[in-house]
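Chain IDs A, B, C and D follow the sequence of writing; residue 1 opens each chain.
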Amino acid sequence: MSTTAVHGLWTVAAGPVDRIPAPHIEYAQLAPTLIVVGAAVLGVLVEAFVPRKARYHTQVFLAFAALASAFAAVVALAGAGYASGKAQVAAMGALAVDGPALFLQGTILLASVVAVFTFAERHLDPKAHGNRVDSFAAQAASVPGSDSEKAAVKAGFTTTEVFPLALFAVSGMLIFPAANDLLMLFIALEVFSLPLYLLCALARRQRLMSQEAAVKYFLLGAFSSAFLLFGIALLYGYAGSVSYAAIADVVDGTVARMDPALAASTGNDALLLIGGALVLMGLLFKVGAVPFHMWTPDVYQGAPTPVTGFMAAATKVAAFGALLRLLYVVLPGLRWDWRPVMWGVAIVTMLAGAVIAVTQTDVKRLLAYSSIAHAGFILAGVIATSKQGVSSVLFYLAAYSFVTIGAFAVVTLVRDAGGEATHLSKWAGLGRRSPLTAAVFAVFLLAFAGIPLTSGFSGKFAVFAAAAEGGAAPLVVVGVISSAIAAFFYIRVIVLMFFSEPKADGPTVAVPSFLTTSTIAVGVVVTVALGVFPQYFLDLAGQASTFVR
Amino acid sequence: MENLIALLVAAPLLGAAVLLCGGRRLDKTGHWLGTLLAAVSFGIGAVLFVDMLGRPADDRTMDQFLYSWIPVEGFQADVAFQLDQLSMTFVLLITGVGTLIHVYSIGYMEHDERRRRFFGYLNLFLAAMLLLVLADNYLLLYVGWEGVGLASYLLIGFWQHKPSAATAAKKAFLVNRVGDMGLSIAIMLMFTTFGTFAFGPVLGSVGRTSEGTLTAIGLMLLLAACGKSAQVPLQSWLGDAMEGPTPVSALIHAATMVTAGVYLIVRSGAIFNASPDAQLVVAIVGAVTLLFGAIVGCAKDDIKKALAGSTMSQIGYMVLAAGLGPIGYAFAIMHLVTHGFFKAGLFLGAGSVMHGMNDEVDMRKYGGLRKYMPVTFVTFGLGYLAIIGFPGLSGFWSKDKIIEAAFAKGGTEGWILGGVALLGAAITAYYMTRVMLLTFFGEKRWQPAPDPDTAPSVEPGIEVHPGDMPHPHESPRSMTIPMIVLAFGSVFAGGLFSLNESFVTWLEPVTSFEHGHPPIGAAAVTGATMVALVLGVALAYAQYGRRPVPVVAPRGSLLTRAARRDLFQDDFNHVVLVRGGEHLTRSLVYVDHSLVDGAVGGTAAAVGGLSGRLRKLQNGYARSYAVSMFGGAAVLVAATLLMRGV
Amino acid sequence: MSFPLLTLTAAVPAAGAILTAAVPAARRTAAKWVALLFSLATLALAVLVAVRFEPGGARYQLTESHAWIKDFGVRYELGVDGIGVALIALTALLIPFVIAAGWHDADPLETASKRWRPTQGFFALILAVEAMVVISFEATDVFLFYIFFEAMLIPMYFLIGGFGDRAHGGSDENAAAQRSYAAVKFLLYNLAGGLIMLAAVIGLYVVTGTFSLTEIADARAAGKMDMATNTERLLFLGFFFAFAVKAPLWPLHTWLPGAMGEATAPVAVLITAVVDKVGTFAMLRFCLGLFPEASKWATPVILVLALISIVYGALLAVGQRDIKRLIAYASISHFGFIIMGIFAMTSQGQSGATLYMVNHGLSTAALMLVAGFLISRRGSRLIADFGGVQKVAPVLAGTFLIGGLATLSLPGLAPFVSEFLVLVGTFSRYPVIGIIATFGIVLAALYTLVLYQRTMTGPVKEEVRSMPDLRLRELLVVTPLIVLLIGLGVYPKPLTEIVNPAVEHTMSDVKQQDPAPEVEAAK
Amino acid sequence: MNPVNYLYLAALLFTIGAAGVLIRRNAIVLFMCIELMLNACNLAFVTFSRMHGNLDGQIIAFFTMVVAAAEVVVGLAIIVSLFRTRHSASVDDASLMKL
């Protein structure tokens, strides 16, 4: 429930009142979010009351059910036309229920479903003391290597809290691209960030790195959200409101009643510009754009791989959703101010991501940098500031998130004594030892590289075409160059897997349960489908590409 | 009747195909098949000849259109034949001499296990050569042109296991390719000028275009002729070509193929007539070559190389004649034919001698052979008399006419050309006498057979045991008969042709003919020629007939040494072309690797380096990440403000 | 919408690829036969295409058109003109030989793990390449073409990098390194080219709003769609760059020798005789078809580059020590001729260039495959390791010689026709360039004959003394090629008839007339 | 008193906090600096709320405090566990992952 609403109540409350009018909430249209939040709360209760033995299955079921039904709700809403005709602002202006929001929520939910599968995978690690174990710490609280940890492992503890945490994160992500005022934006950001900080710290193997990742992510995340908040403050100071519509009106100068204070503040563009820049920065941090990208490699590497996949996919989707809404709804009036800046950011991001990735030696870091480069490509689409721009970005996000999750899922399979073998040298000759796994990973890499007939190509073409039409031809050229550079290191991995002789002490490929298998399968199917027959999804994205105000 | 023309080519072509694809089962009979098909071709030629004689002189040209070869927009190339007096002359010469040499080879190659393939190649050559002279357009002629080049490549290198042979073959092909370049450029010029390259239209419409164009075309044709006919500056391959089996030298490198250049020039007479400059260049090239070849011929001790030099020089005569225009064309061809007889005869004789002498080729190790191989001696002797132009024999008629024509050219160049021709006659007499004396007269200077590895050319006739004395003997029938036939040709052909100028009148419709009138009168020229002849013979006799000949060649005068090295032309090629080329390619290989490729590799390396440096920024310290974020934020804000200019 | 013959022609090899890949590891030979049968089926279909194609008819025939990606203005549009027919025929013809020649190239080493199935992979990849090449010859939609133009890199890349020459002993670590280096180089060069092209493709879409070749061509012909000069030039450069890398044109050629040297002979044939043809084909169809003005604008530079390729490639071929690299550089020289013919913008030149694509495919295939047989016998690619082979293996030597003679375009063999046409076509508009290019024929003779002399003639080397002559399988591979070389050299009419109309269309695209002869010839 | 001064103060506090984040090593202190930045934001909100004469800013301040509290919970949990493993709260020690 949003501030304007509260404000409204307050003004009414002047004078004696016997009853408080309840704010009007469209529960049906907020159903997806509500379902997930509810499930998350339920999950906490499960932790409290369900016996340890049954928790795992309960949680997995709960999470899956919640996400699935939430997705069903999204589909229902879209089917009911909220994506196009009946698009509106709900919850007293706090949340938008429109095409982009629903499309992105759908994407996030699907991605989370497959991500949760990898969370729940328990067939990769060898049994510890007869207990199947997943990739999360037996007991996060116990010090690595300590007796308590050993005891926990022996007792077969598992951190089933990851599921509620994930659900909380998802709920935040669902709100983030739908947020229609800055406060909501901030809250959503925190709601999905905080659980992620925790999830990062919960790796079963290499816990030091895991905790380090968590610390870095947390500190830098908090740091950036502080900037975001300050930006919000300044914007509020400029417009006297935090609702997107109101700010937009002020920016466009189409405000209804101009009180003297407002007149005074609107006189001062610095507030607007600085505020906008800081908010922008907060979002760019989340999408991992240069120069706010530096957390990405470390966190991606340190976090438990399923979490990495989840973050890399869902967070990006949510963050870009919010970015789109901010730029297209709040600041279109400022287009001529932020576009050049974003140009710079996009160019630097594309190039830096691609270039630095060339010399990486760790698969997860490699993927991290490639995700940075891709953020750059998506930014190119964002900059287009046109309907095609929006739809292309939406499509790209959908395509990209599944490739990412699939790729990280494959990473979880390649293991040696020390857990996942993420150092590239260990991947040598993988193609000889288990051609199928290598082939699948190759498909994902080719999609990243944007080879035709993969979703990566369709997405890349979409955003570049949009950018070119939006008059950003130079961006396209830079993008093309950096994809050429990027191609180099994707190819390097393929060379390693197929053309170099397997090492004697090389890693083995674990045989996963249906969970991870289905995750990877979905990844491959979506990758190829969006590569060969993208039209349906392009239509979807196209219809979903108008924001409400 | 016309439809027979294609058969002329088809017969030997069939032979080649069968023999080369037939495999081992044809080893027994292959040579007979080859010879038979050559003879068939000759038969058809004879029939056509008779038919042609039956027609009026102005309507003796037969055409046969087979099919349209390369039908492309604005480009008409047909496979069509044209048989007129000129090509008929060649057809008879080629098939006739060709058949004889097939017969000769049966004996000569008897002990070679690859004899079948040899006959296959010979047939291939006949087919190509006939295509060359029968084509009715320059492009088809080009096909034959390169075809004979291929055949000669295969035959020179027939004993491929000898590096020298392989090299010689390669050299011949390459030098010829340079000539071919000229021919193809000439054809392209014709196409752009006339829109066609068929003989009729092109030669019919020379009048309509500028003399410059025609000169260009003419010079390009001359370049082609130089390649094929071993004229300066493209003569270097002919000497080495003697690495091939002797019948090959006789057929291809004496009687027929090397005269293709003369054919080309005479065939294109109209073009040269219309461009005096080109014509003069032709004459000069001929004159230079006839001296060049003659001088080289004087110094060689290898009998075949000596004969090769003489071939070069005799073709020089023909080209000279062809460069004189209508007064010379007919005589060029006439000399070509007579030369075909006697030079082939001489080569076969040489082959027969080598056959009897364990394949010794060094004349200084012969001597007094006339007792041992009388037939060879007589035939060779008649050929000898013919070539030096002994009155009454073939060579006399043709060569004398050329010298007359050269003088008749008139003006200073007339005197110069005539003088050169005359001088050439003297030198010819000299070196041929030398060959004769060294080989058949004087005392025997035989030596133990050379060691096959070091021998210049080891022909597999009788197996050679190093160190045993040769026992000269007459060659088998199959070899001597062709020699005898050719000897007849060398004696009577010239006279026959000259009976009330029958040959000239025969060719006139094609080549057009004018009577040349030397300023000093024909008789005087003939007299001068006789003097030159006597001088040459006398000098040779003084040097080689009266005193014994040293087996090891004396150091000799500067000129002699130069001539032994083919007047340094090979050294020149080696230094300038071969060495230079090697350096060029080597440096290019370097360039390709280090520069062209390096440029790309460089960029890749640069990106890698940059990447390595940027990586360093990711130093693992959360606070430095924060710094970059803070800086980024600052830049972002500053940039936005700047955009607005606030 | 009639029977989708063209789709089928591409679908059959694709299906073959999948089936071949599916053959279980143990049944290696079965996989080979499956691949061979499917390639033969494709050949049959290609012949059918050639038969159904009417030279006099519409420009694009057997067309198919379905909606595909509306948002990008992309349609699944197929159609062939004469050039396409010729090249499809060439492709379909060569693949069976490639497969037969590579029969044993991909047999796994004993040490390899049981799940590793190189043989299936090898032949599946070859068929995949065939499918993609065929469809890119058929596509009349720029985007469709681009997709397969790019996608075919992947299977090629695995073919080059994954299957080395037995000459280097399959498992030799160093050789493997060189191989993957060559493969990566191949991929990066072509990918870079392709990405530049992608920018141009996007540009084209932005400018025209469609990808349909016919639509754009018609619109431009009707003057409805006029691009700004600079836009057109930039787009042209984007396209041309990609094709020049593929073709390859100096100075973008350096990937070819490595790739052809390291790959097995059949794959090398696949590269130079089939895949690279897509580049030159695309120059004709897309560069000239879409950007006639820009093409004319760029012609001088391109002709010079082509000229450099011709001479430079030949000279480097002379300087090579490695048989396959020598052939590779020879190919660079030949591609120079093809490109020269295309941009000479005369009907002789372009017909010549098209014939050249076909003939060069045949001649290189013949030469390279025989070279492959030779190399596999001796286990070395170095020219210096051979000598006197003709003594012990005369048939091999003979076929090698014929291949060589075809390479130096001896009259009577197919390449002569095309080469001469290209030269005439160029000469009639650019005499100087034509004359310089003629030097190429001398150099060609040089490198071919040097190669033959050093390997085949001279005293017999100890190592080759026991070398067997061509086996039946090998003979079956080589003979048809030689027959074709001679046949098309003596009677090229069937080919020219198909090609000529297409060439006239291209000429009208670029609005060019052949220069008229200087004078009207008599009778 | 001119409300703008409060804004200056807020900006100052924010900058101090940011500087602290960049300078200090101890994770706890670093975290406190971030809190300081958040509070600077609060001050700004309240001030603006006063200037515009609507309550939104003040309400947002409450939200911010809650969020800050939540951050403390999560943050301390992480930092403490890190401290227990490494026996040091210096963020610079936690630099296993780099390059």
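One rule holds in what follows: a contact is a pair of C-beta atoms (placed from the backbone, for glycine too) under 8 Å apart; a residue touches a chain by one contact, two chains touch by 3 or more.
This is a predicted model, so every value here is computed, not measured.
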*Determine which of the two chain pairs, B-C or A-B, is joined by the larger number of C-beta pairs in contact.*
B-C
_Longest centre-to-centre distance from chain C, chain (CA-based)_ = D
_Rounded Å distance between chain C and chain D, as computed from the means of their C-alpha atoms_ = 65
*Please work out the Cα centroid separation of chain B and chain C, and write it as a whole number of Å.*
37
*Take the average of all CA coordinates in chain A, do the same for chain B, and state the distance between these two points in whole angstrom.*
81
*Indicate the whole-number Å distance between the mean C-alpha point of chain B and the mean C-alpha point of chain D.*
97
*asked:* Could you pull out the residues of chain B that touch at least 2 other chains?
replied: 604, 615, 618, 620, 622, 626
_Residues of chain A whose C-beta touches two or more other chains_ = 215-216, 219, 223, 227, 297-298, 488
*Going by the touch rule set out above, which residues of chain D reach two or more other chains?*
18, 21, 30, 91, 94-98
*Okay, what are all the chain pairs that touch?*
A-B, A-C, A-D, B-C, B-D
*Would you pull the chain B residues touching chain C in the complex into a rising list?*
20, 67-75, 139, 142-143, 145-147, 150, 153, 157, 160-163, 165-167, 169-170, 173-174, 177-178, 180-181, 184-185, 187-189, 191-196, 200-202, 204-205, 208-209, 213, 581, 584-586, 588-589, 592, 596-597, 599-600, 604
*asked:* Give the list of chain D residues in touch with chain B in this complex.
replied: 18, 21-23, 25, 30, 91-92, 94-99
_chain D-touching residues of chain B, taken from the complex the two chains share_ = 615-616, 618-623, 626-627, 630
*For the complex, which residues does chain C have touching chain A?*
67-72, 112-113, 115-117, 146-148, 150-151, 153-154, 157-158, 161-162, 171, 173, 176, 179-180, 183-184, 187-188, 191-192, 195-196, 198-199, 202-203, 205-206
*What does chain D use to touch chain A in their complex?*
7, 10, 14, 17-18, 21, 27, 30-31, 34, 37-38, 40-41, 44-45, 47-48, 51-57, 59-60, 63-64, 67, 70-71, 74-75, 77-79, 81-82, 84-86, 91, 94-98
